[in-house]
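Consider the two complexes below, in which subunit A is the common component and subunit B and subunit C are the respective partners.
Right after this comes the complex of A and B.
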């Protein structure tokens, strides 16, 4: 388990190296091992973020101005909408999530990342699969099962990709040099080991014709809910549980609560998916199981909310000074909100108003954008300077990114929630003319397009920042960019004297 | 339909079993003892408790510390 520290000449085992420098060198070594693959995942993720954003704007504008791009067949609403969903889920969110996951695993296991070729292979395959799948979506070569629209060969490729990530995670964990498992690692294991199994099973049921009709809908929403619960939520929470205390310099308020939160999430989330089918022609017990599990989800949600809030109490002013903290805390607060809202939406009385309305769309974006995407932005702001050994080129652009995305998603969520709830109420009254409901919604749909443009500005600012970082000057070789207060100045050549990672591996 | 129910419920049960197995493994390996100590495992001598590790570029840590002189904590 401690093979890294036992390597000949390793600084952690060298009594001549002061403890502070040993920590710096160890972290630098781990970051160096992550640099190539993690940056590959992050950079390609941002390309998909931009593609998904363009598709989102097109879909959004078409909702209130259907004549927009009406003559372009590949960009009709029925194609653009699933193309948006799949590019942001399997392109941006999953690739960014894998990048952050790998870096967090290596950091928390205190072991370098290996199998670079495998990871590059996974990254290339993944990107090709998403690109081919998106083209298939825009040319109608897809099925109509939401979240699983990609053709079977695309899904199979992504399944192989998940397997590669699983192997690398297991390898890092096996070589860990820290006995204690930090709570973020539990969440990451949940994502890496449970979700791929679920992905493969769900695709088999849908694509191999094992499920049709009601059974297909059951399999569909059991999977779609678990994409959030067992893939994106654990990665987002792992990031929040690591970065909030790490940036603040303050341990989590209650580590007991954090563990309780993880284990209860692991037990309950998987059962909640069928609440998406309330009101459908399913056996009542099946949707009731989903409702009960959704209520049980209050336990992990409340533990996370208490823990994050109590860790932040007295330190909220630090949000002004740290880009990572801003994005992550925004994401963590949104997690509480979206989870409480989701549990309430699983109640039949609430669901009969919100079902089939824009309220649900607002809820989905609160989860995938305000929580997960903001958490990924925050994580990337922390880890990229450490991977590349240089600082972000512009504080102003970071602020533009934060305020445009934060204001954008707030506007998005409030507009569609308000309009969607009223839409549901009107739809439940058979005296209200359907056209009147459509007309009522148009201003809210415009507000969504405006919010989307704000978010797009933020995404462009983020892409410019990342591009400048990537194309910037050569790494400075500084392992930690932010020396602690009062820390003695390190020897400038403490790292430069060491051979590069690749050479060390060759010689050992 | 029955096959689908079997698969879904089967997976739920397998998930449940794997959660219980992982929890048992964690307890047997001592990961549930001294848990508050685990919460401090992300800090070390170079990035100790009490010091922030992230700032806007070109603005920290001096800017933050000067602004918070005597008011933090």
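Right after this comes the complex of A and C.
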């Protein structure tokens, strides 16, 4: 049944090799098959993370100090802001997401990744398209359609490129060596179909004019909400569903809760996007549908939260030494928070205050950063040592990365949430002068710039770590765990950052 | 769940249903909308042409929507109408010629759905774009000086279209003259007037 086991002389088929060693060898072979392409996606993703971070700081400073870099049109706020969004979404998040998705799928299918040249081609194409699209945003005409600002030729290139990711991930899925499909695989399988469908249809409806007037706005928010819900969220959840049990060495709490969580997410997330247009010029039934679907999102969110929490219960002390677990659990908790908050924001009474304010900006960063980006950091901490066969060179830098990004996003979120809520309240009282709202917000806008600088320090620490890993020659010995009392010694056969007492319970 | 066919069918059906529900049906429902006759006899809205269309493209590429909405909410919802941003809720008819509609999601600055009616002064808009502080002290809107050309003051008097910058903002070395892009952008802003009545309820 296994292609690999059929290979002559393969250790899996050799009765002389103990089963446990066979597992280790098989995993090492899969990691070997992922090394080049997955590292390419991750390394280029981090370049875009740095570019997107610089653009973020520039945009943030401009909001409280409008004379900053004011005389150059390419650096005007209205160009830098979409350039920031598109570089972090299509550069950092999508490229990191693809890398993690491919590795997870190969590991869970227990089959090596094929079509390396195709993947390198996709990676190069995708990077060139994002670069060209970003330059276009800074220098030429673009349509202000949030999340879809890239010119249509950039979008077409990204769409075609993604077909390669589909081919490779479905190829490895088809060659899976176990009949059972793991929870993480449902999400990854869904995501590779959902992204291209969303992206191609939304671009056709808007940029090729297949929908008109207000229907372009509903297409816009159908896409912009779903790209979070059924492209980034599935990858982030797949990572959480894989790494939490993996690092702890215990199975997911409930298979049936996972099943319920997956299907309700697929059903309800899809219909939630129109809550972005509450109060807007469209038939009321459309926004009502969005609000109802947003309320129904409590089902998948609560099931996933219970499932992850019950898996973690009794093992929270392991957050002390495992970088992977620390980032992933931070992400998983943020997922619960951002989803509950998002559902509440879809209520008309709440939306009346939060719509059109920085509260929404804070919410978006809680989703894309505190959840997704942190989950990707955690995944990368786990998989890069396995791909490159060496350990992270510095626990201190990992600690700098975690604490700067964690406190940074906490400060970002709390400052803009507070300021944004008050902004909405003041806006809804016509006796408050508009300029008074602007004046009130300025300290909060400064707090965002400060938070952004903290996050930048974290990103630089992360980039240095990855650079050292990539350039490193010698395999290093000890895993970079956070030193704590009773910190585990390295396990003999793997590079796992899990404690020695944990049971070996491979989910793949 | 081990059946790929079930998984694939579910994945495709969920996204297809929402696409039909949230994009195709609204497009079909709103497709028959047509301009309405305003009290002054004109048909509204009017399709942007010439410099208004150019100005709309400039509004888009300078990212104005990231701080300004163009949608007035219902009377009992928020204070949009009480602030004087419009006398009625924005209606799908207002956007039949907009591809894409520039509704916006942020109000770092005020709503602009009716800015042409609320602030009809051309020179105000030029001064405000050149440096928002000239007309709105404390504003955090970026200055759009790059939309204006400096002309040396060595020669004779000011060019006809030169900005009349107030006292402290006056530039002793240059006259500042709107470029074609600045004029088009102001043409577009002045065209934003959706004050004609629409009876239809949403």
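As a convention for this text, the second predicted complex is superposed on the first by the 470 of 508 C-alpha atoms of A that agree within 3 Å, B and C clash if a C-alpha of one lies under 4 Å from a C-alpha of the other, contacts with A are read in each partner's own complex, and residues count from 1 in each chain.
As a convention for this text, a contact is a pair of C-beta atoms (placed from the backbone, for glycine too) under 8 Å apart; a residue touches a chain by one contact, two chains touch by 3 or more.
Everything numeric in this text was worked out from a predicted model, so none of it was measured.
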item	value
Room on subunit A for both subunit B and subunit C (clash or fit)	clash
Touching partner for A:277 - first (subunit B), second (subunit C), both, neither	second
Touched partner set for A:72, first subunit B, second subunit C, both or neither	second
Touched partner set for A:124, first subunit B, second subunit C, both or neither	neither
Contacts of A:259 with subunit B and subunit C, given as first, second, both or neither	both
First (subunit B), second (subunit C), both or neither touched by A:438	second
Subunit B versus subunit C as contact partner of A:310, first or second or both or neither	neither
Which of subunit B and subunit C A:108 touches, first, second, both or neither	first
Touching partner for A:62 - first (subunit B), second (subunit C), both, neither	second
Which of subunit B and subunit C A:163 touches, first, second, both or neither	neither
Residues of subunit A contacting subunit B in one complex and subunit C in the other	179-181, 189, 193-194, 197-198, 201, 205, 211, 213-215, 218-219, 222, 259, 263, 266-267, 270-271
Contacting residues of subunit A [partner subunit B, same complex]	19-24, 27, 108, 178-183, 189, 193-194, 197-198, 201, 205, 210-211, 213-215, 218-219, 222, 242, 245-252, 255-256, 258-259, 263, 266-267, 270-271, 314, 317-318, 321-325, 381-382, 391-395, 398-399, 480, 482, 484-485, 487
Contact footprint of subunit A on subunit C as seen in their complex	1-2, 4, 7-8, 10-12, 14-15, 17-19, 21-23, 26-27, 29-31, 33, 57, 59-67, 69, 71, 73-74, 77-79, 82-83, 89-92, 94-108, 110, 132, 136-146, 202
Partner subunit A, residues of subunit B touching it in the complex	1, 3-5, 7-8, 11-12, 15-16, 18-19, 22-23, 26, 30-32, 35-61, 63-65, 68, 72-73
Touching residues (chain side subunit A, partner subunit C) in the complex	62-64, 66-67, 70-73, 76-79, 81-82, 140-146, 173, 179-181, 186, 189-190, 193-194, 197-198, 201, 205-206, 209, 211-220, 222, 226, 230, 259, 263, 266-267, 270-271, 273-274, 276-277, 279-284, 286, 289-290, 348, 352, 355-357, 360-361, 427-430, 434-435, 438-439, 442, 445
